[in-house]
Amino acid sequence: MTGFPDLRADFPILETGVHFLDSGASSQKPIQVLEAMDRFARTSYANVHRGAYKLSVAATDAYEAARQRVADFLGADHDEVVFTRGATTSLNSIAFGWGLEHLRPGDRILTTVMEHHANLVPWQMVAKRTGATLDHIPITEDGRLDLDAFLEKLDERVRVVAVTGMSNALGTIPDVPWIAGRAHEAGARVVVDAAQLVPHREVDVRELGADFLAFSSHKMLGPTGIGVLWGRMDALEEMEPFEGGGEMIADVTLHNATWAPIPHRFEAGTPPIIEAVGLHAAIDYLDSIGMDQIFAHDQHLTAVALERLSDVPGVQIHGPRDTENRGGVISITMDGTHAHDLATILDEHGVAVRAGHHCAKPLMRELGVAATARLSFYVYNTEEDIDATVTGLRKAGELFGVG
Amino acid sequence: MALEELYREVILDHYRNPRNRGRLDEPEATAEGMNPLCGDEIHIDLRFEDGKVSAIAVEGQGCSISQASASMMSEAIKGKTREEISDLIARFRGMMSLEGGTDPGIDPDRPGASLGDMEALQGVRQYPVRIKCAALGWTVLQDALQS
Amino acid sequence: MTGFPDLRADFPILETGVHFLDSGASSQKPIQVLEAMDRFARTSYANVHRGAYKLSVAATDAYEAARQRVADFLGADHDEVVFTRGATTSLNSIAFGWGLEHLRPGDRILTTVMEHHANLVPWQMVAKRTGATLDHIPITEDGRLDLDAFLEKLDERVRVVAVTGMSNALGTIPDVPWIAGRAHEAGARVVVDAAQLVPHREVDVRELGADFLAFSSHKMLGPTGIGVLWGRMDALEEMEPFEGGGEMIADVTLHNATWAPIPHRFEAGTPPIIEAVGLHAAIDYLDSIGMDQIFAHDQHLTAVALERLSDVPGVQIHGPRDTENRGGVISITMDGTHAHDLATILDEHGVAVRAGHHCAKPLMRELGVAATARLSFYVYNTEEDIDATVTGLRKAGELFGVG
Amino acid sequence: MALEELYREVILDHYRNPRNRGRLDEPEATAEGMNPLCGDEIHIDLRFEDGKVSAIAVEGQGCSISQASASMMSEAIKGKTREEISDLIARFRGMMSLEGGTDPGIDPDRPGASLGDMEALQGVRQYPVRIKCAALGWTVLQDALQS
């Protein structure tokens, strides 16, 4: 696509020439992010919220500035942003912190068959503890949510609708604003697993209409070890802390504790301080390109890949075949060739793709496959990465005698 | 590129035409296992006669390496005693540079210890992440023998 | 002390001349650690356990090598080491993962009055959910655990003894091997909050005799965002996962999930990968000095400080007055001067100390103070840091008209 | 060193000899608050006559800045109307560069708006982490007026 900048020089790891197509699992990190963390650790590091000395004030300011940066990025308020270990912890905090408090036998939790295990297993655990029941919105043939089925399943016993913002296995982007509208009419809370969405598309939490949102830094050019739980203030107020410890209390006696104000209540212990600085730099980097540009780039590569892949003998594409409401994730299989063999062969061609169930085993069963090979794009990818993939897939076809 | 070394014809043949496929009625030993990281699965049933494997059936799904390796393994252990099988397991592990392996050299003269088709799996050693695939069937076999 | 190397050049943040005496809250990081993380992110980064391509194998190897390094450091087995977000999460995982499964009404949890909130609040939460009762071992006048009282409180209804390995407020090092022996005789599990112990003194988990151990990387020269939960295999086997999600499952259907083997079962989602590499480098750094040397250095500085501080008019020292079984943490107050004012005045003298309740409010009540100022030492500290503190304290005395 | 600017004599005097210390019987307005990060606490009781503060009592514990600020505040609002107090609060916040503050300049001619001893707290601005200490009493006062 013309106009999109060549950013590869910012990513030292790409110097080896690797065609990195596994950003859906985790993205690479630009030097701007690495340097921001390094600089902070060398000049301004201390624990936060605890010290009355200058270094600690500087560190606290940097940490809270990162929170503000995330809030601005999402169109949210400062105090609605909770730093966690990652999307998984954010979703567990919601499921346990909100779910254990508000779900009762007979209540229903509605999720989808295409959720990542992170937005499924915690709800299974909470359903078992509370006696609530779990139900799943099915998908259509082309890998989109079946919205008619959603409406049929939605009733006033549904207390929470937990839905992915973008499928990590199929790329599908469900219409969350519409789903949230219906869910709210039915009186349910809406939880969005935005682990794939936030890194790739502009998200304004007010427009999205969700009550809770979860994502990870490491999939959006930031460091590992940190993620975000966003909640509308009234939703966060309904949540109990998932962990107890330092910094999250107002007062503690031997037998009782009262909680600090939100968001500190949900940040027990020493938070990922250096990582918050890294996430801040990652968001600056993303915004300097522009989220609209990034999404357009993803879509462009997706369109090119969908076309070129469909020319390769034996290749099956799972999920939507066009770029409408879909991100830069493509799951494929090849007749008579297992996804792991594809990944090994592609690796020998310098192409890094993931093969497996993508932490979405129920979806794999739905698709009738044990595993897929998955291409996922990000800011540093180019059409050459797709060409290398196609070359590798043709070689796989030869080796395995396909086509 | 070592791909041709990895995907030797004999491996692809076992992958496409797995030997001893299926289940046994009333197996005397049975086990199943999976590799949680990739989801590959193997199920093994065994029967013995005079202390030797008289029948074996393998079921499973997964990549060419895991399925071909299990198929080859099923051929290699037929008619063997438990002791001979233990020896085979150790020799296989040795070939794959896995813990508990012995004598990585392939010694065709040693009675009952030839790895036969299995030797084609040597190419896997260059792909450390795939060694687990090759080993799955053997691990399940060990479980079956202890069952 | 003669013989201990001058390491300050490894810590760029100390170039400003700051007398950093708040390592108890969080330590500074040497360039060796920062560079190890940076190098890894620039050359070998990918998500772990997921990819069939070379980068992912390299990252997985690095991550598992870090686990092995921690295991070796503790005298533990590889699979007994679980990476968490920090000591707080480790303790919550134990309290909820073990406690919710095994505690019943009438069961007793025995902890101490000098615990950090991280080893107290989770047990309060779990006690409330299970109907177990919480009791606390008191301390003696000089800030040591009252072991007679411990024996009196210990009976066969005590299911878990949760004790600090080293008090973050007083420096006291309880005799955990002895306590663990008695607790095990009574049939209780032993949980050790080693957040202060592991960074400062050699720990062999078999000799310590604990069932569970928790600590954080950021207090031992490593990065934020990662900590360790160690458990004896039989103890870990009694634990349910605290979080559900990817990578911790064996299989998932729409309504059920089974767990992956230990330790993966307890590591839901993408772990702190880059941070694990940093922790590995931090342990290498600590071991290159030698933990015995480090503890001796802490004790030397403590002895010097105890002596020089006792000459400052109006200064009260809380906790043990000698260096027997105590680490390099000293809590002080000054007559007629609040701890926060001390911290501000010391900050103006370039001395960074923490003032407050040190996340140990029950202990503060026990001591009859609202807050203390706390000096805590580590490998980069010298006697000059103590001299600067004494100068600052004398100035405080002047300003507030003490003595 | 700005320490002498921070710890001015008048502040230390209010810290050592806090004014209007204690509790009121049957207060008409009351509130308490604490700074969760440092643990400082302030409790305020108020009574009114003819729309003006006729009695105030302050209790609390914490650092010199929080306690002195509350003591000064108790002096400053005695005999003032709710409106005059709102104005004072805004002027104090302005002096401390806090949100919702107005008119940071101190205007002794403006009726009812002199900050009196409070002006000694200007030195706190150079210690951002201590501004919260100075503000605690005023935040609790606001809560009390709304109670």
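All chains are identified by letter, namely A, B, C and D, in their written order; residue positions are counted from 1 within each chain.
Keep this in mind: contacts are C-beta pairs under 8 Å (C-beta built on N, C-alpha and C of every residue); 3 or more make two chains touch, one makes a residue touch a chain.
In this text the structure is predicted, and so the values were computed from the model without any measurement.
K.L.:
Using the touch definition from the top, what's the fewest steps needed to get from chain B to chain D?
P.N.:
So the least number of steps between the two chains is 2.
K.L.:
Go through C-D and B-C and name the pair with more C-beta contacts between its chains.
P.N.:
The greater number of contacts lies at C-D.
K.L.:
Take the average of all CA coordinates in chain A, do the same for chain B, and state the distance between these two points in whole angstrom.
P.N.:
So the centroids are 39 Å from each other.
K.L.:
So the centre of each chain is just the mean of its C-alpha atoms; given that, what is the distance between chain A and chain D in Å?
P.N.:
About 47 Å, centre to centre.
K.L.:
Name the residues of chain C that each touch 2 or more other chains.
P.N.:
Residues 50-52, 56, 249, 251, 340, 344, 355-356, 361 of chain C each touch two or more of the other chains.
K.L.:
Which residues of chain B are in contact with two or more other chains?
P.N.:
37-38, 129-130
K.L.:
What chain pairs are in touch here?
P.N.:
So, checking each combination of chains, I get A-B, A-C, A-D, B-C, C-D as the touching pairs.
K.L.:
Can you name the residues of chain A that touch chain B in the complex?
P.N.:
336-341, 344-345, 348, 355-357, 361, 370-371, 395, 399-401
K.L.:
Could you list, by residue number, the parts of chain A that touch chain C in their complex?
P.N.:
Its residues touching chain C are 12-13, 18, 20, 22, 25-26, 28-29, 31, 34, 38, 41-47, 50-56, 85-89, 91-92, 95, 113, 116-118, 120-122, 124-125, 134, 136, 216, 218, 223-226, 242-249, 251-257, 268-275, 340, 343-344, 346-347, 351-356, 359, 361-362, 365.
K.L.:
What part of chain D is in contact with chain A in the complex they form?
P.N.:
Residues 34, 36-38, 128-130 of chain D touch chain A in their complex.
K.L.:
Would you mind writing out the residues of chain D in touch with chain C in their complex?
P.N.:
Counting only chain D, the residues touching chain C are 1-4, 6-7, 12, 16, 37-40, 61-65, 127, 129-130, 133.
K.L.:
With touch defined as at the start, can you tell me which chain C residues reach chain B in the complex?
P.N.:
Answer in residue numbers: 49-52, 56-57, 249-251, 260-261, 264.
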